[in-house]
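Going by the order they are written in, the chains are A, B, C and D; count residues from 1 in each one.
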Amino acid sequence: MPIPSKRVPNRENLADQLRAVRSETERLCVRLTPEDCQLQSMPDCSPPKWHLAHTAWFFETFILASVDPNFQPYNPHFNYLFNSYYDAVGTRWPRHARGLLSRPTLSEVYAYRHAIDEQILARMEAVDGRTFEAIAPFIELGLNHEQQHQELLLTDVKHAFGLNPLKPAYATVDCPALPSETSQRWVRFEPGVRQIGHSGGGFAFDNEGPRHNTYIGGFEIAVRSVTAREYLRFMEDGGYDRPEYWLSDGWAARQQNNWNAPLYWERTVSGWSLFTLRGMLELDPTQPVCHVSLYEADAYARWAEARLPTEAEWEIAATGREIAGNFLDSGLLHPHASESLFGDVWVWTASPYTPYPGFRYATGAIGEYNGKFMCNQMVLRGGSCVTPVGHIRPTYRNFFPPDARWQFSGLRLAKDFTA
Amino acid sequence: MPIPSKRVPNRENLADQLRAVRSETERLCVRLTPEDCQLQSMPDCSPPKWHLAHTAWFFETFILASVDPNFQPYNPHFNYLFNSYYDAVGTRWPRHARGLLSRPTLSEVYAYRHAIDEQILARMEAVDGRTFEAIAPFIELGLNHEQQHQELLLTDVKHAFGLNPLKPAYATVDCPALPSETSQRWVRFEPGVRQIGHSGGGFAFDNEGPRHNTYIGGFEIAVRSVTAREYLRFMEDGGYDRPEYWLSDGWAARQQNNWNAPLYWERTVSGWSLFTLRGMLELDPTQPVCHVSLYEADAYARWAEARLPTEAEWEIAATGREIAGNFLDSGLLHPHASESLFGDVWVWTASPYTPYPGFRYATGAIGEYNGKFMCNQMVLRGGSCVTPVGHIRPTYRNFFPPDARWQFSGLRLAKDFTA
Amino acid sequence: MPIPSKRVPNRENLADQLRAVRSETERLCVRLTPEDCQLQSMPDCSPPKWHLAHTAWFFETFILASVDPNFQPYNPHFNYLFNSYYDAVGTRWPRHARGLLSRPTLSEVYAYRHAIDEQILARMEAVDGRTFEAIAPFIELGLNHEQQHQELLLTDVKHAFGLNPLKPAYATVDCPALPSETSQRWVRFEPGVRQIGHSGGGFAFDNEGPRHNTYIGGFEIAVRSVTAREYLRFMEDGGYDRPEYWLSDGWAARQQNNWNAPLYWERTVSGWSLFTLRGMLELDPTQPVCHVSLYEADAYARWAEARLPTEAEWEIAATGREIAGNFLDSGLLHPHASESLFGDVWVWTASPYTPYPGFRYATGAIGEYNGKFMCNQMVLRGGSCVTPVGHIRPTYRNFFPPDARWQFSGLRLAKDFTA
Amino acid sequence: MPIPSKRVPNRENLADQLRAVRSETERLCVRLTPEDCQLQSMPDCSPPKWHLAHTAWFFETFILASVDPNFQPYNPHFNYLFNSYYDAVGTRWPRHARGLLSRPTLSEVYAYRHAIDEQILARMEAVDGRTFEAIAPFIELGLNHEQQHQELLLTDVKHAFGLNPLKPAYATVDCPALPSETSQRWVRFEPGVRQIGHSGGGFAFDNEGPRHNTYIGGFEIAVRSVTAREYLRFMEDGGYDRPEYWLSDGWAARQQNNWNAPLYWERTVSGWSLFTLRGMLELDPTQPVCHVSLYEADAYARWAEARLPTEAEWEIAATGREIAGNFLDSGLLHPHASESLFGDVWVWTASPYTPYPGFRYATGAIGEYNGKFMCNQMVLRGGSCVTPVGHIRPTYRNFFPPDARWQFSGLRLAKDFTA
């Protein structure tokens, strides 16, 4: 559900965007076999085929079904099969069993996508101006939703490939010369009342608003994310075996899952290797540490005698900075050393995901997009190397449970300062 | 871990307090048989016998063991058996299996308590002034810890008795004439920067500080808790069957556990009855609704077109109010209609339990008291009808996971206001 | 592990058999998409792709690896990926996760099969007579093993398709006119010492021998399996709600899984429908009831005032009968009315699967084929409509746990008689 | 449900037996505290208090309720609380939660027992001869049922005490000088048709009949049980790490539960110790190995190049032998070296627990006593050191699932012989 905005997008531009975003999703699947597109390696992940179908279903449900009084679904089963979590739209196929649907086949899902695209584009052209104004925000929402699934699709493929003993590579990449690691420094921000949140110009999700006052104590934030080199020092200092650094639930998760390194790290005779979308690679210690849970991030920060930033602190630090960095379009598919607050790895914040003061739940199914998840999750900020460029903003709030590790999640340190 | 305080308690007063608090715990068990004291009805609950032993262990470990270089434990197994969650103190008997220890017997546990009391009192008298100043804060902490376990002991007994088909009563109570329900009204608070948190005068837990600035939007808070009568309207309006009012995790919990009323409510031919510490009672609709999860509280608030207060809002409303109400010492053992912000039922707030700005973890085992739980829990405020009087403060932060229902937890509504 | 047999098969015949059996497995997959071949709908089932690969691995491991001192595996990962349960051959990929391997792809698995076939055929031609005699029993074992997996492949596809809301049909079949249901009658057998088990002429699995004496009380066995019509009467008489007919573990399984009809039965407005390999069909009451557990079979028999036959009774009844009936080669893929003891549905017996007197475990990995499963399973006899013709014998012992329902399992009644 | 017998017991004798057996159960509880009597350490075990109450309920339900048209239950909740598994008698309190009932208290349960005893004794005296003949078999059944629970009570107490880190002793025993271990020898039995099962003279459970023909191959059986010394050799030879000796389900159980010695064995610096009802003892290698599962017994036998006897073989060997040995009345509460086929340890047989040919299920609740468990369990024979003397017979069939280890279960080897 977007924050209402005065700006009405141009029809042609929006149609071009639709074509671009929709075909980008399919481009991401070109390297995958039909078998790959069937994989669901854990309940939190979805098969690529399901991502392809669900994003089409989103347009069908929230645009086609709402504008056309004579709407006939493409296939009467698809609402049941491809609804993700919208209770208002009806019951649905169990999430953990999405990998058990060999039918519709991958090519049938592509046919579904293309039929929906055609109908949407035809509608966009045919409707009068007022109707266009009414549906344009939902088309924009659908495109942003699709971009979120582009990132999820890649994180889910990485997870599924990562557990296959054959360690298949999603892509081969000629890696350019990259800037080297910089030394850690801190940027200082003075205490006082500040404003955070989205003010409504341009697209934003409803959870980014309303813009509101917040009191910030004085703080410092690091100029770059924590690197693998730094994280290794934590590990070598027994970080995974010293409960004094860990939250209670974090220590329980570490014990139960036998965590002793970030996800995808494997110890070899010569050191550490990583599973990546480019296959197994030797660990490059200059890269940001990635695929850690909030629990690991928090334990690291405590060990380092610092803390995670709150989401307000991060946003204040990011406001006014150029949104540049290593995103999906770089094609690197892996984080690299950088001082940007954007791209490479999402950073865990110390902030539970809660509604901003004055937040209102939209009515109807679309109100379920963000609001109902505002419990038991933590906010991440900044985007990653698999976030589509143009999708991120300083006010953007991503959120995952504190034990999630399969996203491209890292951390950046913060500290109080006292004048 | 208490907030450091300049004030040093008087030796005699503290000894009197110790005798009073410690004997109060035992008084609560007079009505229980040895079999009752063995009961653990779910992993979150502990047997009364374990509460009795663990609170003695707390004094033994954090006072006796720390002051005496020749300290010999009362029983070398007890550190393993009665440590609750302090990783720094060593491994421990699994929490979910506390009900499986018939030995030590109840009378052996009482002997343990009395031996520890004697040793503590002897130490308090014998030590020099400087040592007394050093241990006094830990004795105070031990007493506040014991009071927390007095409440837990009663909530755990209620849970265990509540599932017994014989529905035994913990106590018989001659109920006095009680004030009747008042109509709902709202109290308004202006926006601005406010201070919350404990400033260090008198005892407080470490999680109540530091005192700090926070920005509050304008809000209104209800003069009383939501009553059973009001909650019944939510139920009759299909509240338990309408996902649109529920957080996603809340709806999942409601489905999985088949919730359709607060815990301990039972539908009878003539209406609703409640299991209470006084046995089965007919529902009194003027009483505050109690034994609801955060999820139910939040769903009710959304249905009522209001919201839960944040903990800062609640504290601002409570500051300066008299701490009077229906506590453990009333002997009622059940919430009744009242306009006090204190007593009767803890109220769920909209605030996840996180560290205040500038919070520092104490080093050593005692640092595990509060800090390591600052994730995945929600703050409750105000105390209940089984909280020992004198134990509560406006800054007091209780915390439980959002699906917990066996505590005396209710809710009080809040609203934004816009001038 | 076959029972040793004097008979040495002819090289050419065996090569022809190998080509026939191996290509039959692939023929069964022609109707399946790559996505279908990836499906694992429960831990007991395996994906078709895994069946294809595992049966090749069986030949590679038990023939190629054993005859060639310079043996190089086709792919060094495949022993880990495609070993089913042979501890002596090494560790293996977890059974429940066979559906999570998108790589090797289906076409890579076909390439693997064909390479192994070529090597086996080349070996069969090249080796001297003595070596041929040594490997021939293992080739025969490999072919019988492959036939078992042909049946499993179809039962597993049926299970996976059966839970898909689209209810895809594996095949379309023009069903011929079939013989109609016959009335129930009984065949009588006199008491006395009899011999059962395989005597070693022709191929048999090791668990079919040794041939041995057994004492049989007088009994009668029904001329046909229990039909759907008869089973419906049990259901209509409350069979699924009357614990007095059920074994204790059976009743627990019925309660826990909410069984109230055979697997694949669905109640419709007009009666009952069945999911079959030919898609959804209306229930034909003349057909044998199928896809029931031992528990349901046993409960039915008790309700019908009869019992299940022991495996010895069934074998005595079947000895000397023509092995004709509705097998895989009929193409019907579904049981039909018949009086044959062979084909249509496996029948549950009252006999736990235990070693025959004098049974010896073969040494080495091949000894794990049958013997180690001789606990907690029940014997089924007679073959089904998806058993390859030529694979069944009167002495053939199939076995599954008593709660298994996804095999083509039905029942035939027996009774004691007293002269 | 007993096998019908012509013999009618004498009223006075039966009343004496009733007093003796009922008071014996209470004698076993004299050493237990009320807390001990509340313990349920796993779902398969029951608290002593529950055993005390359930055995009273058995008499109340199957005798008092059936003879008296005006029967009023002692307490209307007790049928729900103390029914074990009789579906025909109604729903019941969940088995795994028997330890959660602190009320009725232990003394209330004793009062229940005594009231039932009085009523039963009064009935026995008051009824006419024909009624006495009708109820006498049920009283005998009740007494044999009570004796079974005497053994279970001790095995359950042992399990609960065994996991307590304090390792409490149930009893202190002055152990007499005991006969020493004898060397292993074999007794031979010729092949042929034999009869096993109970013929109806004197009390027997229904599952012991009908007496029937069975064909036995020639076999040899060991003169004594396998000793701890012998079992240690299996352990030292890697028995717990070599899957080739194990049934598939057994190996899975061994892996999942991390078995590497019999239950209650603990490795110490100086060797092995055992938890016993007499507390922790050093392992005496001459004693029979005890507290092994069928899986361990079977693996040992395979390692020893022998096998377990079938139940028919054991019964043929035991028929005509004196029923003497180390039973509950010896007071030793632990197995010792002996050549008797009776007492010390139950021995696992190779026979799944199935109905004998011609077995009929009794109608009504009492028919659930034995018959409905005839699946997924294995037969044990001979009685143990906690079996009440007079309770055992050569035809007696005990039965437990193959992974059960908390009973006093050991093994005795057998072999085929070929003339």
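Convention: contacts are C-beta pairs under 8 Å (C-beta built on N, C-alpha and C of every residue); 3 or more make two chains touch, one makes a residue touch a chain.
Because the structure is predicted, anything quoted here is derived from the model rather than measured.
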item	value
Path length in the contact graph (chain A to chain D, fewest steps)	2
Greatest separation from chain C - chain, by CA centre	B
For chain C paired with chain D, centre-to-centre distance based on mean C-alpha positions, whole Å	37
Cα-centroid distance, chain B relative to chain D, in whole angstrom	47
Approximate Å spacing (C-alpha centroids) for the pair chain B, chain C	59
Per-residue multi-chain contacts in chain D, two or more chains	none
Chain-chain contacts as defined at top	A-B, A-C, B-D, C-D
Interface residues, chain C side, partner chain D - complex	85, 87-88, 191, 193, 212-215, 217, 243-244, 246-251, 294-295, 298, 302, 350-352, 354-355, 357-358, 361, 367-368, 372-376, 402, 416
Chain D to chain B touching residues, read off their complex	33-39, 41, 49, 77, 80-81, 93, 97, 99-106, 160-161, 163-166, 168
